[in-house]
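First chain A sits with chain B, and in the next complex the same chain sits with chain C.
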Partner chain A sequence: MTLDLKTRNSRKGTVAELSGEIDSATSTGLLDQLLPLLGEAKGKSLVIDLGKVEYVSSAGLRTLLVVYREAQRASATVRLTGLSEELRFVMSVTGFLDFFEESGTVSEPSTVSRALR
Partner chain B sequence: MSATEAVHRIDSYPTHRIGDFGVRAGRPFPLGATLVPGGVNFAVYSDQATAMTLVLFKRGEVEPYAELEYPEEFRTGSIFSMTVFGLDHENIEYGYRADGPFDPARGHRFDPRKVLSDPYARIIAGRDVWGKAPDRSDPYQYRARIGLDDFDWGGDTPPRIPTEDLVVYEAHVRGFTRHPSSGVAAPGTFAGLREKIPYLKELGVNCVELMPIFEFDEWDNPNSHPETGQPLLDYWGYNTVAYMAPKAGYAATGRWGMQADEFRTLVKDLHAAGIEVILDVVFNHTAEGNEQGPTISFRGLDNATYYMLTGEGYYYNFSGTGNTVNCNHPVVREFVLNCLRHWVADFHVDGFRFDLAAILGRAEDGTPLANPPLLELLAFDPVLRNAKLIAEAWDAGGLYEVGNFPAYGRWAEWNGKYRDTVRRFLKGDSGMVPELATRIAGSPDLYAGRGTHASINFLTAHDGFTLADLVSYNDKHNEANAEHNGDGANDNNSWNCGAEGPTDDPGVNALRLRQAKNALAILLTSQGVPMLLAGDEFGRTQQGNNNTYCQDNELSWLDWDMTERNAELLEFTRQLIALRAAHPVLRVPEHPYGDVPEGDVMPDISWHGEWAWQPDWSEYSRLLAVMRTSVGDSDCVYTAMNAHWDAHDLELPQLPGGRVWHLAVDTSLTGPQGAHAPGSEPVLENPGSYLAGPRSVVVLVGRVPNES
Partner chain C sequence: MTDTANFTFSDTIAGYIDHFDAEQRLLKMHTADGRAFTVSLSEEPSAELVRNLGEPYIDASGHIDEMLSPGRFLFVYGIFYPKSDQVHCAAKRLVFLGRGAEEFRFEETGWWVRQIEQLASFYRKAQFPEGEVDFDEYRTEVRLGGEKGSSHVQETDTISRLVYGMASAYLLTGKDEYLEVAERGTEYLRKHMRVVDQEDDVVYWYHGVSIDGASERKLFSSEFSDDYDAIPMYEQIYALAGPIQTYRITGDPQIKADADATIRLFEKFFHDPELGGYYSHVDPILFSAAHESLGENKERKNWNSVGDHAPAYLINLYLATGEQSYADFLEQTFDTIVEHFPDYKTSPFVQERFHRDWSHDTEHGWQQNRAVVGHNLKIAWNLMRMNSLRSKPEYAELAGQIAELMPVAGSDQQRGGWYDVVERLKSDGEDHHRFAWHDRKAWWQQEQAILAYLILNGVSGKPAYEREARQAEAFYNAFFLDHDEGAVYFNVLAGGMPYLLGTERLKGSHSMSMYHSAELCYLAAVYNNLLIRGREMDFYFKPTPNGLPGRVLRVSPDLLPTGSVRISSVEIEGKEHSDFDAEAMTVTLPEGDDRVKVKVRLTPVAGPDGSA
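The block that comes next holds the complex of A and B.
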């Protein structure tokens, strides 16, 4: 399993654009990269763009929720964007969607690109 | 501390190697597979096993990729425990091989060729999607997986509704929304049920009792439909495979192993709507059947502990399904307790209904115990302190304990006598009036000292006719079950109102609607806790089948279009539930005894007939009226039940304090005239009497008239 993370800055905060799969194999690495971004996003939003994510497992959903809880502590907010219909359904019926705000699509050129695991 | 800073425990490093795996001696508690720093702790009980092996599979693969025998030093008493490091917990399945004696006469049936499922498994794979034909060539059918218990409940608060205030609604998760008419995104699932919460709220019920949701195998029924040849699935699911795992096939997300979170989300949202969740749990038997049944888990791990066995090592069959769980064995008691704690602590459920609960009071040799330790344990357990405990107080071995179930001040019972008495009264049997009085007053003969809330009153349940069928069939019609109509109860106390099954006769159909309303009106004005069967409020039919355990089809599913076709009955039910909610006098937890409270004029309960204060208790009487009055005489509810085929003019009791009688319900009136919302009931035209039509129920409320 692989997961790519690209980040860029927008006016509202940092945008983390993910592509690949978020599961138990990739979630630890994802967390290691997302949490430092919360510091940069202080008082602003961290937008996680899931538009190119093919699959989010149970561990992956938990990782997103950990990011949300850490953001609360860092006085940052986390928004999700780019949810596929299926992912939105899964997150809704498992209760995870309740924690997040969604924001509209954000499309700007990427500045950083790196592969996780 | 941030999430990336781990606590460095010195037991987060392996001390041994087995094959490619770093391992160490684990912790014997908790039992099951638990995530610990760096690894997974696997703890399993077996008293008689000589050796235990952990079998690991990559997810979905038939052949294991590793087998790790527990070193002798990893055993503490009867518990084998081992921490295995470096596992991808989300993508493995696990099981056990237990070696030991195969000596059935002594109760031992070890077979190390078999991979056994973990009784403590939190998730089971293998039946991920309902009805998908299983791969029978896989020797390990019900595959234990590692589940997480870190759900974020947010501000969830269980409603903690006093038992006497409940209106229970018994439903089948799949049947509730599987019908195409349900209009939900994921029919037949926890998510589908969640979409129907607004319906439940509008109906007014405040507790859903879900038929078994623990993992079971819908493919365990061997029969096929006699006409179509289609396999008949085990739709009800009373043969439990795993007691801690929510059924994957009931979750829209079961294919991704997210059934636990989906169920938790359902519970959370029901709670937010003020609705409690009671689970129907089946601890009297397991899916392993008798000596010819499959070895899934318990039989291979420690047969002599988990099952009641005869002196020759055969299975006692008090459940009627082949085996009987050895509930009062100390280890099994603890297993049952741990399961229930798991559902309360990790799933926030509000109570349990125990299937064939009389078995839970039997000793290891089957003898009924005066003080069954299991029942006492559950009654006093601190985690279960607020959980409702409801017994189906009989079993298939002839033990009938309605009224005698060892209650420890905590247990309620499905009141089978309430059902039988009210059904017989409704269909017009003679000689029923005295016992009817006892039943609608909360059965003080059965539950004196325990309170009215010890009595779960019901007229219909999953087992038996639906309400519409109760008034449409004299006899069961179970041919579709492929048992030549030999299954299901014969003593239904039903009456078809003049034609067997569907009819065009408008007179018969009008009478059926009225009889259904009569049943609901009596049920919802009785002292005790009413339970409704899902769909009865809009006339759900099973076409006379009174045992649809294997009917995963339109016979069982709720047809939501009927909410429009039978809107009158639905609206009637809604008004009755609202009436019950508006009148605490109907829900008083203490039994009424006809006493007049000091300073009051009216007794807490009084009986009436054609003449006020003169009930007719005689053999040929088919009419009884009851009046409940609250302390201070502030609230009066008068219910007249006329099961006679003639109308009767009723003299009404006089009310104190300027109060007059208002009409809440009259089942002989159709449409909105037949049931009025609390507060908007019309004043009776003739204040002193009321004509109760043939076979009808009338509910009057006594209050000061609205100013207008």
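The block that comes next holds the complex of A and C.
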């Protein structure tokens, strides 16, 4: 299983564009790549674009939770975008969706459909 | 007495009266370990009778002389005056435990039931002062007088512990106001703290949530230093404590489904199938006990992860269901304890932290090579419970061994009560196990001593166990009940004075939330009444009949010796009901989809010698 991460900067923060599968094999490596981005996103947003992610396992979901927790410590905000209906459903059922702000599109990170913080 | 120790001090003596000379006003007494003291009563000490929560002060100052009869156990608080090689004690306060020399008020039939009601009233009012049970308003931190603190955290475990207490209060009183809290708390846990992982087919529980206005911030992994960034088994175990106690009352199948799914979590991720036992922590992503991020918690096992299943939820889950898989889990738990925890060649205390291969971990965090006195007692208590379910000689032997060793090693035989954390090994030439941080006494450790010696006494009938149980009950009831603000203190100083600093001042905290105090009330009532003194007790349930398998309600109050207790009568909604199995302690309910209130009267069965 592979997972690729590309980053770019937008007006409101860093965008991490993921493609592939987030599972137990790739999650640790993903965390290692995402955590440094939080430091850069202090006071801003880290947008995680899941539009090209085909599968997220339980371990993958929990990776996102740890990213969320670290973001809190870093005074950064994590926004998710590109959620498929299936992934949104899984995150909703587990309660994980409540953790995150969700952006409608990457280019408009301020368009937040869920703002629970 | 050296010059350097030539100063006055005040302290408590717990002991038995040998003789009182009314003319000279001299009281001769001896402590539990047989050391003699002569106390002067010439300075007109106050005297009181121990009182329960909710009772007024009971003055006994006018009855001192007639109450100082030989054999009576009492507490004397006095000032000690060194003089040459002696120390003279002038009494200032006497605490009697009963009106007669052989009477102990905490052995009254309703003592512990009244106490749990007082606790339940305190915590209900503290958490929901407006009266409406709304868990959005719940806070873990509750100050001494019952006001909420500044923290906005709701910890999963403390909600669960409150739920446990309220469910226990309902079991003993049948008052719906307590069950309402238990059920709403259970629903809140399910809605806000539970993660249903469909891929792994398990349930796990958030550490808690932090409330910020109308929103909540979920706390995924543990926030505490011992467990930081990990998922500790301890927290997952205690998430089940309250809901399962509630399940005993309601039979709500959703609770059982969550418990089974959480047990699957334990089996799938915490269990070590190769070397046995359960790991204390897993990492928050892969749920691996071997992950490097766990640091000193990597591949560790401890008392909580191995043994705390039993008292926290597993015994109660078995009592409610009778399912053999839970009995098997319990048996495996206690077999593991018996195999790995004793370490009597080196210490009177069990070893309670281990590496994966069960080699001893004596360098972990704060514990190092230290003993938690209450864990030893908790093991003895629960071994005796398990011995009634599946008897094994090694269970009773280890319980007996702990019971023999602990009074000298872990109790205060001068003032009464049980200590907290001590070094497992004595230094060369030392008479005492050194205290890790202080010589204070925590409420929950008193509970473990009381329940251990009560069940040991109830099962064996040994007077020595009865004496230890009474001494422990006496210290707890004399010094831990907060008659001014309500509920019980977290800690007292060695002599019994409440210690009210820092987090130990709180009535609700990470450590305290009506769990241990209510567990004590519930089981001290069961053991004192049903197991020891041959008295009937009533228990209350509120299930939906058609929701129970076979419409069978299981009402056994604890794991008690087979045949020692039976049902004598049952009422459903106030009407007599005859369809029950007295010996199996099961009630077959009439068909119905509406909840019914069931009152069950249990009666001790007299043994061949007439004992209860």
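The definition used in the following text is that the second predicted complex is superposed on the first by the 106 of 117 C-alpha atoms of A that agree within 3 Å, B and C clash if a C-alpha of one lies under 4 Å from a C-alpha of the other, contacts with A are read in each partner's own complex, and residues count from 1 in each chain.
One rule holds for everything that comes next: contacts are C-beta pairs under 8 Å (C-beta built on N, C-alpha and C of every residue); 3 or more make two chains touch, one makes a residue touch a chain.
Keep in mind that what you see is a predicted model, and the values were worked out from it rather than measured.
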item: Which of chain B and chain C A:L35 touches, first, second, both or neither; value: first
item: Touching partner for A:T14 - first (chain B), second (chain C), both, neither; value: neither
item: Contacts of A:D98 with chain B and chain C, given as first, second, both or neither; value: both
item: Which of chain B and chain C A:R62 touches, first, second, both or neither; value: both
item: Which superposed partner A:Q72 touches (first chain B, second chain C, both, neither); value: second
item: First (chain B), second (chain C), both or neither touched by A:F89; value: first
item: Doubly contacted residues of chain A, that is, touched by chain B and again by chain C; value: 24, 31, 57-59, 62, 65-66, 69, 90, 93-96, 98-99
item: Touch list for chain A against partner chain C, complex; value: 24, 27-28, 31, 57-59, 62-63, 65-66, 68-69, 72, 90, 93-96, 98-99, 116-117
item: Interface residues, chain A side, partner chain B - complex; value: 23-25, 31-32, 35, 57-59, 61-62, 65-66, 69-70, 89-90, 92-96, 98-99
item: In the complex with chain A, residue positions of chain B that touch it; value: 2-4, 88-91, 148, 150-152, 154, 185-186, 189-191, 194, 251-253, 256-258, 261-262, 264-265, 268
item: Contact set on chain C toward chain A in their complex; value: 192, 194-200, 206, 212, 215-221, 284-287
